[in-house]
Structures are given as C-alpha cells and as structure tokens.
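Here come two complexes built around subunit A, the first alongside subunit B, the second alongside subunit C.
Moving on, here comes the complex of A and B:
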C-alpha cells in the first residue's frame, strides 16, 4: 500500500485535474509515463475507494473520474430532528 | 438555418454563421489558433446562444486547455460545473467505439448536457496506421454519427499538403472547410489569414481574411473592409444606378454629392453602365451636364439612353440637359441650345468658360435646390486638353463639384494615363468602379468606396433587357 501511494496520488491528480478524461490502463500509463503493470493495481485501489469508475467490459475496461459529492446546503435543524 | 460562431468577422464571412447541424473542418498549421477557434465557438455558443458544447481532445490534456483558455478570460471549469461544457480527454479509438455503441459513453454525454456543438481536436489522429479505405470509412461513419445527433461540429485537422495535387477526401465528405494559414509578413512578422473554402448551404465571402489572436480570442478583420470615410458614409442619400446587382454591391447606390471614377480598359464595355446611371438621373429629374467624347456624339448618346428608357429630347426641352462638345460635329437644330461648343477654345479659355458660364448656371440652380449630375469623360479631356491640364484643374473641379453637392461620374482609363496620374485621379475621387476584360470575360470591381467596402471582382454578364448587364 505504501509503495503504491505515490502512484495513487499521481493517478488521482491526473483524473482530478482532467475530470472528463476517459482512458484505458494503457492510456493512463502513457499519460503518466508509468508502466502498465504498475498502474493496474493502483487503478483497482482507486476504483475500490470510489475515486475512479470502471466502464466497459472486462476485456477492454475504461476508467473515468468520479466527482466527490459535495453537500453545499446542509439542513442542520432537519438533520438534528432526524437524529 | 445558421448558428452564429460569435467570432468577430467569421460570422460575416459565413453570412450569419455555420449551418446548423453541419460538420466543418478547421485546417491549419501549428500555431494558427485552431484549438482557440474551436473553443471560442463552444464558449460563445454557451454564453451567447445557450447551446451546450463538448470539446474532445485526443492528445492534449484537458487541464492544459483549461489553463490556456483562461488567458482569454474563459473559465471552462465553471461551465463544466454548470453542465454546459465538457472537455473530454479520450483516445481516437475509444471515441469511435463509444460513438458507435447504442447508449455508449458519447451518446450519454451528449444527452447529459443536451449538447448542440462539438469540437474534435484533431481528426488527423484518426488517420494513423490504417489504410486509406479504412480511414475513409471511419470519417464517413463519424460524419453520419454527427449528423444523427444534429451536432454543429468543428473538426480540427492538421494542415494537409497544400501543394499536393490530390484533394484530401475529408474535404468532400464534410460540409465545410475553414483554412487558417500563417504567412510571412514584412520579413520579420507573420500574418495569420482565415479562408472559408467550402460551406454547404450558405453564401460565403470569398478570399483570405487576416485575423489576430487577441486577449478576447480570435478576431477576423474582413479583407473587403478598409478604413471607412466616416464623413461620407454617414450620408443617407444614394443614387440608384439602375443596375440592381451594382446597387446591391454599392450598398444601395452611388453616394449623392460625391465623385465616382469608372476606370475602364479599352476592351471593356462601359457604355451600358454609364447609360444606366445617366438614365436614372434623367428620369429622376436631375439637371445633367455631359461631356461628349470623340466616339460618342449627342445623337448616339440619345439613342443609347432611349434604350435605357430615358428621353434626351424631353430633358433638353425642359432645360435640364446640357452637353459640352469638343468636336466639330453637327447637332440637330432643336438641341442646339443645349450644347456648348468648345473646340475653338484653348485651355485657358476653356477654363474661363467653365468658371464664367457653367459654374454660375449650376450655382443658380443649386440655390433653387435642384440636383446636378455630371458625366465627365476624362479620356476626352486628356485627348483634347492634355494630361497637364487635367493635373492642374481636375482636383479643383472635383472639389468645386463636391462643395456644391453635385454628383459626378468620371470616365477614365487608368492604364492609359500612367500610374502617377491614375494615383492622383484616384485620390481626387470618393469611389472607383473598375471594369476590365480578362480572356473572354468582363469583370467589375469596386476598388474604392466611401464606406470602405472593396468588392470582390464580379463577372459582367450581358442580358437582353434593360439595363442590359448584370453582375454575377
């Protein structure tokens, strides 16, 4: 995990800066200038964390960024009442 | 139906904008601003037409585009957050696969933001590796998909081999072609030009137009627009020429109270142009002063004007038409009073005759709010009085006419008088209509106008009915 952390950061930053980029693992490796075999486990981790979304079939997977949900209007009173 | 690009100048060239739903190639060398033009088309679509857009980039990182476009004040990320724009980084292969899938990613994204405009940067990358036949099929499929979604699209392409003999098939497949070029200018500088070479379903302004990449994006300066003479162009009064196509080019007709030069070479037929303009003035009730040439007697002129539905005899009878005759020719008895014979006058006496007889007569009429139109055959004056006389008096005569609010049509052959004299004459006039023969065709072009418009060369076609010519 700690070994892949810098690559995770690189990959996250890539998709965060380019939120509508859609790439194959090979494409991501070219964009980052990293080896595909190093990228593959990182992509899996990011998918599990909900940062990336896997599209397409298993043979030709595609990945894109999942924008984090930001709550802009929080109803505190409502939340308190529900609690 | 057209959709405005919002790019200054380009919409004028396109006659309003791109045909809605069309797929147009933007071709150019590196550094010509293809990406900027594409993004400006999308940005203006969102901010001015409320049309959402997608920008597809194959090689460039979207974040580089966000950054670059910020220099024009375009906050693309803000537009993405409002679901009005998407800058999609994708490979050409995946894009094509997704475009062909039913409810594929492409279709989903188009529907998600209700996309109406699309830019692909660049379709040159669809060409790599495959055979020409395959590439043709790919581009044909792409065009059909864009049509299916009714997307108005700009497809960016690296400049093709312009010197090659073959035309790339993309130019046939797609609806239009806009070419951006970078040329040497004044040795040290580069000049950027934009030319629309093809646009189905719309009339375009032909020619190369200079553009600049300004702080607000691309700005196209139309080639046919020079600095306008504000003072003259504010005039509301225009004189119809009687030739509808010429009036259209002139923006309504000749400006009243100004001096126009008709520059014609020896082969060109100018007679119907002059006759039509004169006939209009006669029938409008103007006072006319016409300088007769060696090749056109008063009777010949009357006969020509009759074809243009103007009655010289009636004009003379009503004391509205006068002629200056430099040649010893017989004049019909009933028209004698309308003709000034000047063949016996030397240059000095001729000039005095104009000052003492013609100008006061005109002045008296002008005080009664009568309009004067003068047809001045400068070729005759040059032949009879010499270039020296013209150089000395022409500017004064035209200035006097202008100050009195008279409209003047001057006939001259610039080629015959030489560059220096032609340049002087051109300066003295407010507008120049040039007509010439090239091969088997005659052309006409407005090369100078008070409103700054320079027209393209029009073909002059002979027609059977009055005014006997039409400009195409």
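Moving on, here comes the complex of A and C:
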C-alpha cells in the first residue's frame, strides 16, 4: 500500500459519488481540501488504473469517473438454469 | 594504573611466593607490562649480571608466534627454564606470562660449573639450593598452576575492555534512536563519531546484481551506485563465503580494480555480509585510505558495526512495519466508514473494485457476484489481464460458484495464468455461502508483500461482504415495498383482479411448501401471483433480473400454449400456471389432460382435494377498505406467541438454515436449537419445518 492510498480513496470516492462530474485538478483540490501538488500524482495513478478518464488537452486537463464494465448475466454453463 | 592491573600484581605476588619463582608479564612487543614479583635468586642473579641479554631474549620470545598456547617450559639459557604462557584477551590484547627460573633435576652440578665459569663471584650454592627443580613428577603440577594463573589473568585483563563495550553500547543506543532513519544515518554517525575508518558503505541487492546504495567518507561518493555480482571482487566474495573478512595492503591486489575504476584507492578493507528480516542480503564494508592494516580494535569495531547495522535494519524494518500497520488500520477505518455510509449495492460494488485496484496498484480488478435470488452471475470489472478477461471471469465463476460450496469456502487463493498474470482471489461470503469473489491482479512477486496485500484484501472482502449483505437486505425490503405497492394499486382500478391475485398468492403459498421449494423461490412465486394482473414485460422492466419475471413469463406461456413445454418449464412457472388457471376457472378441469400425470400436477390435485373445504377462506375479506400495513416475515413472526429467541430461530428456519447453521449464527449449541425448533413446532401446531414456513407465509398474506 502506498502512502498516497488514503488520498487515492478520497479522490475515487469523490468521483464515484459524482459520476457525471468533470473537473480540473484545481477543482478537485478545492473539493477535497488538498494541495494540487498532492493531488496530481494521485490523479495520474487513477488514470493509469482506468478509474478516471482524462479529457481536454494537456494544458487544461479535465477528469471524470470511468464506470467499470458490467456484465449482468455472465454465461457459465448450467449456472443460469439453477434455481 | 587501573584496578585490573593491581589485582594481577597481587596475584603475581601470591603465586610467586608460593612457588619460589619470579613472575612477570610482557606485552605483545615483549616490553615489560608488569614488573617481576617474587624472590627467585637465580632470576635476580641473571638479571643483575645479564640484564640486556635477558631483555633481548625475552623480547624475542614474546614477539614470536608460538604454535602452542598452553603453558610450556622455555629454556631461556642452557639448563635454566622459565614456564611461560600466552594469553589473548577478548579485546584482542596479547600478553605473555613468565615464571622462572627453574632447573632440571640432576643438572645442578653441570649448571653450577657452567655458571661458575661466567659468574665466578656469585655464591652459586646458595642460589641453586633455592631454585625450584623440575622433575618428571612435578612438571604437570607446574603446568596446571600456570594454566590457572593464565585464566585468572585473562579475565582480569578482559575487564579492562570497558571502553570498548561503551563504544558498542553507544552504537546500539544510536541504532535504536535512529529507528526512524535509514541505515545511511547510522553509518554517517559512526564515521563522524569514531574516526576509525576513512570510509564506510553498504551494498544492497538490485535484481541480479548488488549495488552500493550508501557510502560515507572523503572521496568515496564516486562509489555510490557502483554494481557488482556475488563473487566479484572483495565485496562480492563475502556474499559467497557469508563470513566477515578483511584485507590489508590491497592497493596492489588485482581485486582492487573495482575501486580504482572509480578513482578510489583504499589500502585496507573489511566486508561483512548481513541479512535483513525478509531474507535479503547486503554487504557492509569499510576501510582506510592511508593505513594499510587494521588494528585488532578496528576489526572488533568493524564487527560491532556490522552487528549494529544489522540490528538497526531489523529495528528500522519493525518500526516501518508498525507505521505501515497503523497506516493500514487507518485506511481500513476509512474504508469501513465509506462502506457503512454506502447507500446502495452498486456503490459498494464500485468501491470494492476501485479500492481493491488502488490498494494493490495493479492493472485489473473485478468482482464476480452471484445473485442469491436468481442465481445469475454478475461481473463488474476494470482494466485488463494478459489472458482473456472474459475467459478468466468465466473460469473463476466456474471454480467458485460451481464447485461444491462446502470446500475451500473462505480460502483466498492466488491464481496464476500461463500468460503470467497473478490474481488475488478473495471470497466474499455471507452466512457461509459464497456471495462473490473479489479478484485483483498484482505485479508484485515478493512473498512478504503479497502476504501483506492479501491480508488487507481479505479484510476488504469481509467488510464488503457485510456491506453487500446490508444493502441487499435494504434493497430486498425496498423491493417488497414496491411489489406491495403495485399489488395494492390493482385494488383501486380492478377489484376482481386484485381478489384473484390475492387468492392465487395464498393458494401458491400453501401449495409450494408441500413441494419443498426453498424460501427465496417461494417468495418469488408469491410475488409473481400477486403481480399477475400486470404483463410479464412490465414486471420485467420494474424488476430486472428477478426470478419472478421468468416465473411469470414461463407460466403465462404454459397457460397460453396449453401446457406445451411443461416438462422443461421450471417448477416456479408450473406452480404459477396451475394456481392462476385454477383461480381463473375455479376448478381442476382446466388442467390439460396431457400433464395430469406429471408430478407437480398430481401434488396440486391432491392439495386442492385435501383443502377443498378451505376454499371458502379464499373469499375476499370484507374490510378491504381498511388501512393495510406492509407485513414482513419478521413482523409476522413477532405477532406469533413465541419467545424472542424462538422468533429469531424461526426467522432463520424460514431463511432455509439447518439446525447446525442456526447454532453457528446464534452462537448456541445444536441441542438448544433443536429444543427451540421443537417448541416452535408445538406452539405453531405443525409437524415439520415445511409446515412451519407455510404457516408463517399464510399468516403474512392473510394480514397484508
């Protein structure tokens, strides 16, 4: 577990709770009450993991939550027929 | 002079007086350390006559590396003996103890003649008569006392090492104080404080090679980052021998090329191999640039430093672990808080997938969930594996949900694919039934770290399991309320349909118990009957993925297609079709001939015949206008004449738990559960579990 884990969690929760929010690093820092320089590596990590999606250009990046892939009825043989 | 020396002098005097010899002690250079004690005439005469010669002989003898360390007789002059013993103290000091002079038995006359020639003025008769004589019978006695004397002297000399221990203590103290600081700080401190070595460094393993990670000393910075293989040069050698080693005058040694390429030219070097708690090895080394050899003290200090550094490493690791544990605990508290506040199942699921991923720092996480209501498996995933992700999900679902539920239930596994994926698989269970599997890929192959992550993931899975159970309960209650609302709505615009639905639900509730169907499916069938006024498609929209939808769809098909496909249909659909048809037509005649001999129909016919008289009770109650309250199973049970504990037991009976499971759930013995169950049967006037469940459902639907 890295030392940034608590902040990573906070950031993830912020986006999970607001799935339609699109925010700048500065905006995220204001919402979480954290410094932008602390936020940036965490955002990078979350983007690499696919939890956040990067929008906008390099100078003015924007971020939003990327929902996980959901398959509601995974086909495993015989399973669907079981009561 | 210190106290030890005073004591040794005291000892010298006593032994000398007792055995008639003079005893003196020289240091490793042959210089007199403690002056002679005792009265030995021959020694006194020789010293008087041959002072310089005697001194030279003794010095030479003291400096000589004797091959034996036990006491032995040494002929200092022909026929004149001393008894001598070398001692080595714990701090590396070397001393020589001398006792003399003695002569061999029967050599008195010859010796006298020899001495007379050299020292004619001496009274040799008087001297020789007082000189101890060595013979075959007393030699061992002389050796034994010298050995004892040596031992005592060794102990006394060792006490003089106070300053060395003090240094060691200081080192340890610093090491403990510096438990929050990396090893480099301890090395720096040692280098600055003791000035014993010109440089000190440490090399750690980096993949296959070792790399100098810390170095302190003038001009030594160039070595930082230098790499070597085990076995290569001086530093690599100790990794093979696993022993402390030192080399002196190494400037001409070909192995010093390693240092010279960094423009560093040590003359002496020591290396100590060390091990960290997790088994990783590293090398501590140091030496001098201007001094080509080490003193004994320096070597002792080097060893002490190695032990101190190893101890520091252990303390530092433990301290770091403690900090990490605290860190992890805080993180777990945070996770628990977030989970506890999660309002719906979706949120909990997303949190498990995302937190799991953040925690491990990997590139893939997924959650496989089995719906307890309809048996469907849901996959929520993020990222990709090296192997096909869908294939992995299917494989995992098969392994956990198709396997016998009793085996490997809560065992966390690490799945390794041929493509090189390593995935932690943590079971999420509730009431000993597998609810889901949280799977997170990891790239760390270090066993200790994997273990650490695994523990955290297991805890996350436990918290997740509880949260899912709680949100599921909330959602189930919400779903019950929704079904009830839809059902009640029918009453307002179609009273007949409402009555039929109510009758059907009650009939189904009574009948399904006979078939031994499990409680969740019973509920779905009853819900299907109550919502029978609505089209299955509409119910499908309202309650996606619910078993009641398939019960309604299949059941409706059976009714509309004259029971075609009856055998293949699920039992839930069969019950729905039978009950709905019976309620609509009011008789068993409506059942197609083709299926009258099937098991469900035979049971249903028997049930209707037995309960014919009860049909009156299916009439619409008079007070439908009265405000109705939503009845849950728990509230129905509460209205029964049961003790609080019996109510709890009955609740669990209805959820399908057996006596053993109930015992585990309520932390009571199986015997007590049996007693409670028997009393419940007596109070409800039922013969078995199935009837008890039926009774509860009857009461529930009568009152709701």
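One rule holds in what follows: the second predicted complex is superposed on the first by the 76 of 83 C-alpha atoms of A that agree within 3 Å, B and C clash if a C-alpha of one lies under 4 Å from a C-alpha of the other, contacts with A are read in each partner's own complex, and residues count from 1 in each chain.
Following the convention adopted for this analysis, a residue touches a chain if its C-beta (ideal position, glycine included) is under 8 Å from a C-beta of that chain, and two chains touch if they have at least 3 such contacts.
As the structure is a computational prediction, the values presented were derived from the model and not from experiment.
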With both structures lined up on subunit A, is it a clash or a fit for subunit B and subunit C?
fit
For A:23, decide between first (touching subunit B), second (touching subunit C), both and neither.
first
On subunit A, which partner touches more residues: subunit B or subunit C?
C
Should A:5 be classified as contacting the first partner (subunit B), the second (subunit C), both, or neither?
second
Nearest approach of subunit B to subunit C by C-alpha atoms in the superposition, in Å, rounded to an integer.
9
Which subunit A residues lie in the overlap of the subunit B contact set and the subunit C contact set?
none
Sites on subunit B touched by subunit A in the complex
61-63, 80, 86-91, 94, 98, 105, 109
Subunit C-touching residues of subunit A, taken from the complex the two chains share
1-3, 5-6, 8-9, 12-13, 16, 45-46, 48-51, 67-80, 82-83
Okay, in this complex, where on subunit C does subunit A touch?
324, 327-328, 330-331, 334-335, 338, 347, 350-351, 353-355, 357-359, 361-363, 366, 368, 375-383, 393-394, 397-398, 401-402, 452-453, 456, 518, 521, 545, 547, 570-572
For the complex, give me every residue of subunit A touching subunit B.
17-24, 27, 31, 55, 62
